[in-house]
Amino acid sequence: MSKFTYERLDKAKAMLLVVDQQEGLYQLVHDMDPVNTKNNILAHATLAKVFNLPTVLTTSAETGPNGPLPAEIIALHPNAPLIKRNGEVDAWDNDDFRAAVEATGRKQVILAGITTDVCTAFLALSLRDAGYSVWANSDGSGTFDKKTAADANDRMRAAGVQVVSMFAVALELMRDWRDNPGTTQLMPFFDTYLPEYGMLARAHDAAVRTGTLSGL
Amino acid sequence: MSKFTYERLDKAKAMLLVVDQQEGLYQLVHDMDPVNTKNNILAHATLAKVFNLPTVLTTSAETGPNGPLPAEIIALHPNAPLIKRNGEVDAWDNDDFRAAVEATGRKQVILAGITTDVCTAFLALSLRDAGYSVWANSDGSGTFDKKTAADANDRMRAAGVQVVSMFAVALELMRDWRDNPGTTQLMPFFDTYLPEYGMLARAHDAAVRTGTLSGL
Amino acid sequence: MSKFTYERLDKAKAMLLVVDQQEGLYQLVHDMDPVNTKNNILAHATLAKVFNLPTVLTTSAETGPNGPLPAEIIALHPNAPLIKRNGEVDAWDNDDFRAAVEATGRKQVILAGITTDVCTAFLALSLRDAGYSVWANSDGSGTFDKKTAADANDRMRAAGVQVVSMFAVALELMRDWRDNPGTTQLMPFFDTYLPEYGMLARAHDAAVRTGTLSGL
Amino acid sequence: MSKFTYERLDKAKAMLLVVDQQEGLYQLVHDMDPVNTKNNILAHATLAKVFNLPTVLTTSAETGPNGPLPAEIIALHPNAPLIKRNGEVDAWDNDDFRAAVEATGRKQVILAGITTDVCTAFLALSLRDAGYSVWANSDGSGTFDKKTAADANDRMRAAGVQVVSMFAVALELMRDWRDNPGTTQLMPFFDTYLPEYGMLARAHDAAVRTGTLSGL
Amino acid sequence: MSKFTYERLDKAKAMLLVVDQQEGLYQLVHDMDPVNTKNNILAHATLAKVFNLPTVLTTSAETGPNGPLPAEIIALHPNAPLIKRNGEVDAWDNDDFRAAVEATGRKQVILAGITTDVCTAFLALSLRDAGYSVWANSDGSGTFDKKTAADANDRMRAAGVQVVSMFAVALELMRDWRDNPGTTQLMPFFDTYLPEYGMLARAHDAAVRTGTLSGL
Amino acid sequence: MSKFTYERLDKAKAMLLVVDQQEGLYQLVHDMDPVNTKNNILAHATLAKVFNLPTVLTTSAETGPNGPLPAEIIALHPNAPLIKRNGEVDAWDNDDFRAAVEATGRKQVILAGITTDVCTAFLALSLRDAGYSVWANSDGSGTFDKKTAADANDRMRAAGVQVVSMFAVALELMRDWRDNPGTTQLMPFFDTYLPEYGMLARAHDAAVRTGTLSGL
Amino acid sequence: MSKFTYERLDKAKAMLLVVDQQEGLYQLVHDMDPVNTKNNILAHATLAKVFNLPTVLTTSAETGPNGPLPAEIIALHPNAPLIKRNGEVDAWDNDDFRAAVEATGRKQVILAGITTDVCTAFLALSLRDAGYSVWANSDGSGTFDKKTAADANDRMRAAGVQVVSMFAVALELMRDWRDNPGTTQLMPFFDTYLPEYGMLARAHDAAVRTGTLSGL
Amino acid sequence: MSKFTYERLDKAKAMLLVVDQQEGLYQLVHDMDPVNTKNNILAHATLAKVFNLPTVLTTSAETGPNGPLPAEIIALHPNAPLIKRNGEVDAWDNDDFRAAVEATGRKQVILAGITTDVCTAFLALSLRDAGYSVWANSDGSGTFDKKTAADANDRMRAAGVQVVSMFAVALELMRDWRDNPGTTQLMPFFDTYLPEYGMLARAHDAAVRTGTLSGL
């Protein structure tokens, strides 16, 4: 088998982009259900807080039907640049956005957006063309149907984009539970946004504290 | 066609039961995904708060693998009876639980539980046998797989149980958006637990406040 | 086997209701895809034109997030009563709506609405309670997911509602292709709203006119 | 709502039937995957051991393509009557089988078979006709596809059969975890045949014994 | 549980209807794939030959887009009445068809048609209204999508129709493999139309004749 | 990560092909439902009008069972070459077709056809072999089932074809909503062919014009 | 975009392999239903007859549980080498098989087998390693579940195998309907094995011969 | 087509890794059902015994919610190194684990873990980076949902990992049924973990021993 080099996300080299996850565009998403979609776009924006990553937010024509970003995302990143594009579909075509990304000095980009095939994919391909390493958080992007999502992800993969789950992004950034921001910050994050893991931890802790044997 | 009488939920006659939606049992649910399951069991317990319904909580062997109820549910209902059953599978077999239900004086019962085929169904059938009118919030119950959920719901329907969505429970209780607890309390509830409706309202309000025409 | 009486739709006795198929509520539909949803709600409203049925339109809080009815539906029924409810969830609770239905003098009601579990089901159950025979066009109603649709349809069936396809509504009304509004009006209707049948007719007609044998 | 009487399984009144779950017929099952099918037919036969229920086994033309019962099932019930039918499709048409069932003196029958639409359904309908109360363990029956299973289950329900999960059969029989054969026998049964519950108990017990808090 | 009477198909009392399974209408079927649809409509017509049942064929407007019946079906039943309806949607509205059914003197009717919700269901409901016992071979009917099929089957069930698989029809008619037309005629039928059973028999026979032990 | 160059669709360099989306072949499509299939093939042909792209139409044996192109497509492109192939499966094997494509002078080709695995894929591979850049509009191609579609798309991707959604084709061509044919032409296009986006815009505009706050 | 060369199947250079599509192994297939599986393996073997391709058949341990090839396949190819392997899993490890393939002098290999992940994939990878061009007829191979099929197909694609539908194999071989074995032989083949196309042709021919306009 | 070299698993060069298939993490798996998940992780560990492969076990924070490995796996490999990581997510970051792998001297690694996207994928990518050939047993890895599994498998494939079924791993290791550990050890393994194959062998052997012809 041929040679392969594994480039890993490094929290000192990575940044995060929130792309067009707007309250109107949210309604277009039919490859995930609405509860998971909201959960996943909030999780995406929160990841940058957990790992203290430089973050850039952008929206497309937000006074029109696409609508604004959810207030929760704005509140999470009060100091992040929020580039409101008035026409460019591919955020990389917008000078202010490009400048904001370049200003971070980071070359590893984590992104998610609505829709996957346009907002996420066009930007991811442009970033690859510009020499960035790109991780697409596939849980955080939504689009019209599962086929469109799969086709868009295949298109990004063919350009060298890493299409990964939110869980993989979080743990590739953290690497070791004993490091900052390990258990202290990541477990509450999972309790909120990956509730199967949170419930596992809650029930485990209850068992440690007051549990009785099952009789098995 | 034969005669039919439509008995509607009446917030002055209804009560709500939280049945075995415990942190361990939560892991058994495979007919809904974990994010929706958590969302839906919290929504179920919150409905009683929105409509100020008498509420009874119960758990099955909670120091064992089934685990405790989520802390959020306990916190919502600090004064509700919480009947911790140590052995009875069907909550109606527990004297304290039966007494707690009877003490409310209500004859319309809304319930949900994990698992649908055992914790929800056994109790629902016993309540029907005891003369109660029963609404099973099908979003709030989870079980091993979709077939088991459907079979259990069919079994309850055959006993005269109304198997309904969380949205139907909420709106059958409210009846008119202009009444208490209409828009004021129900819209924030939907914003949290039915985010497609919340996002619709958010984007609508943004359009009313600052929107520009789409050009369509 | 026990006795059964088959009550059939009669175009001289039937009326049609358009219930809350509003442009905002449309986004909540996830048990059908968006293209079929739009197709089916337009087909529902058009059926009343094809068969010249008395029609009543109603909306729920249409200046809010639910939005107005699609302009196409309004244009189809310029003279039909359009009852804009400001608060009542169940349209039957609105005096004007009830009066509009009663004014038609018809006792067979065909309806569809968004969402199936609330707007369609509550009204259908109230109509059954009031003694009407009810046909729910299941293609024309949409809701949050397939489980909710199935549960709502089961609830209506238990109340004696006929849950039927758009195709079944159309052909139970027509009964004989040689009668008015048979081939002349119904085939163009199917060509638009049931394109598999339209394409079958188009290709058939092309074969009759200019076709050559396949060599089979 | 009308009156409903809940007849519950009673381990002193119930018996169990193993119907044509043969090694050849096993291959016809396509509504469940093969691993679950084997798991579920072994679980069905084992339930009778856990609750010490009278059991009757039967096969159809077992020297032909249908094949014999799995050796595990024979070994579980060395003293149970095994009625090898040479032609009758509906086991109730076989005098020896009918006599074996009647000899148990039980009037509550739990059954499962392959295929659901023929071996299970025909017998279940005959048992209902003969005045028995019938519980069809839907996990233990398999057939050609999901539609056939659902249609067969609907047919049985229309005849008053309770179509229930293996979990519901087990817990309706047990009623109280503190009674014989509660935790002591049922937990190991679930550990083998309902591994999600077994793993929950195992991890819980490990947490009680040696667990450390998660840091959540 | 209440009293139930199991009416079984009796080959001396049953007849079979082939309803509108035409080569054009075949293209409308999307609840089954095309290979199974063809297989199943041929199997339906063949069942009448295996059991020597009186058979009536009917088509709807067969010179139009609906097309003729497949030649194989015509060839199977050269002497059966073939009623070509020119307009009536419900075959029971056609005097010739009704006369042909009545001429058989049979009161148990097995039918299948395309589409399930119109051609099969309307006729099945009319037959029930006219006092017939009805078995709908659900494998032999096809329609636009799975939801429409399920709704149509539920409608028929509510009218007392037995919705059953082709396998159940065949074996309820036969009852005992040792009777005519048991193994001799039914096994080759299954080999063609239920190939999983045919392959099971073929491999079994090969093992009996020339097999060697597997070493298991 | 290795170097990647992002070639984007350029409306000054692109052309569009309509390949065998004929009224007979339409019936073969089972990886999309019929309503979406019709919607998507009309959308595909309309894209060329919105962006004023040179267009070539082609059909395969259209007097036979494959049938003609829908009249709507012919009407959209009255002046485009329509190459009626009498035998060649791969349109690139037809001299007239090849000449028509070459006459446009464009090197970026957008195509869709029925079936995906033959009509679309063979031509796309031939175009890649001939040095063209190729975008396959995956929404506009249909075939026998989802597996066949996915395999065909994978085959095209391996040859360097961009497999993209209709939405991605439209927005990669447009690039900026402020440019011609931005909002003015594209929004009505989406209102017709991507109704979830159209309904979003309609409801948004209604809110801007006459909306009242939701009370959230 | 980089250079791509499209190698097409050439009926003068191609051969076909039937790999382990045995009557016992047939039962292991759960990624396709049994009726399609039988249809597709017979279609695969028949393709070689239609195009007069050299053919090699092989089986694995056919006196054991895997069973023999279906008699229909043997009858189609009475003169083809049938290599009965007694142990080698990868047919390429068997000297006789390798010799039989090499004896054809063909370098384009079309194959299908049960199971896809072992019998088809191992041989396909070995053929690629040995310098053959390989087309895997994905309709003709079956395996345990859809995931296993997809993984196996991806593995073959990574080795340069063309994973294609039966329809694509047939039409890439034929290229032009006017050439031998075009319409004369291929249409009857499709009528049998691709019945949606056969029914299209049948209904078309009926329309040409005796059709009347639909009135559309 | 370009050159391809097929590297096959060699039981003299391969080793096997059991990665984090822990009793708590087991509950996170929703891309497979629980019965198959348990079956498949036990099968994975057992493969190393059947082929006598060097094996390394590892766990992540096993006193926390992740829980211990199932006792069955520990019992299978009493002498294998079990590396209990306290923090490293990617096992390759743990010195002891890396040393244990290197100590085997093997360069072909078979692995499976929970979750696929993190525990399996991170380690597989690191192993590829370190020059190992890697086979990911896709049946033995589980994760949050099917999309995450597919994305993770695609990521591994892009790094040159062979993503294969358990059946393919077993048979690529064995190569010839006549070699050790062919029929003697592998058939019982399949009887337990691939029951469709076991049942095939059982029924076949019964037919050889005592079968009678089917009459087909």
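Read from first to last, the chains carry the letters A, B, C, D, E, F, G and H; within each, the first residue is number 1.
In this text, a residue touches a chain if its C-beta (ideal position, glycine included) is under 8 Å from a C-beta of that chain, and two chains touch if they have at least 3 such contacts.
Note that the structure is a prediction, hence the values are computed from the model and not measured.
Student: Which one, B-C, A-H or C-F, has the same contacts as D-H for more than half of its contact pairs?
Tutor: C-F
Student: So the centre of each chain is just the mean of its C-alpha atoms; given that, what is the distance between subunit C and subunit G in Å?
Tutor: Result: the chain centres lie 46 Å from each other.
Student: Averaged over CA atoms, how far is the centre of subunit A from the centre of subunit G? Could you give it in whole Å?
Tutor: Spacing between the chain centres: roughly 43 Å.
Student: What's the distance between the Cα centroids of subunit G and subunit H, rounded to whole Å?
Tutor: For subunit G versus subunit H, the centre distance works out to 31 Å.
Student: Touching two or more other chains, which residues of subunit C qualify?
Tutor: 24, 27, 30, 33-34, 64-65, 67, 144, 150, 194, 196, 200-205, 207, 211-215
Student: Determine which chains touch and list them pairwise.
Tutor: Chain pairs that touch: A-B, A-C, A-D, A-F, A-H, B-C, B-D, B-F, B-H, C-E, C-F, C-G, D-E, D-G, D-H, E-F, E-G, E-H, F-G, G-H.
Student: Mind pulling up the subunit D residues that touch subunit G in the complex?
Tutor: Interface residues on the subunit D side: 27, 30, 33-34, 145.
Student: Quick one: which bits of subunit F touch subunit B in the complex? Just the residue numbers, please.
Tutor: Where subunit F meets subunit B, its residues are 183-184, 187-188, 191, 198, 201-205, 207-209, 211-216.
Student: Name, in rising order, each residue of subunit C that touches subunit B in their complex.
Tutor: My answer: residues 7, 24, 27-28, 30, 61, 64-65, 67, 86-90, 93, 115, 117-118, 121-122, 125-126, 128-129, 131, 133, 143-144, 147-148, 150-152, 154-155, 158-160.
Student: Which subunit F residues qualify as touching subunit A in the complex?
Tutor: Listed in rising order, the residues are 1-6, 138-139, 146, 149-150, 153-154, 157, 162-165, 167-168, 171-172, 174-179, 182, 194, 196-197, 200-201, 203-205.
Student: For subunit A, which residues are in contact with subunit B within the complex?
Tutor: It is residues 22-24, 26-27, 33-39, 63-65, 67-68, 70-71, 194-196, 199-200, 202-203, 206-207, 210-215 of subunit A that touch subunit B.
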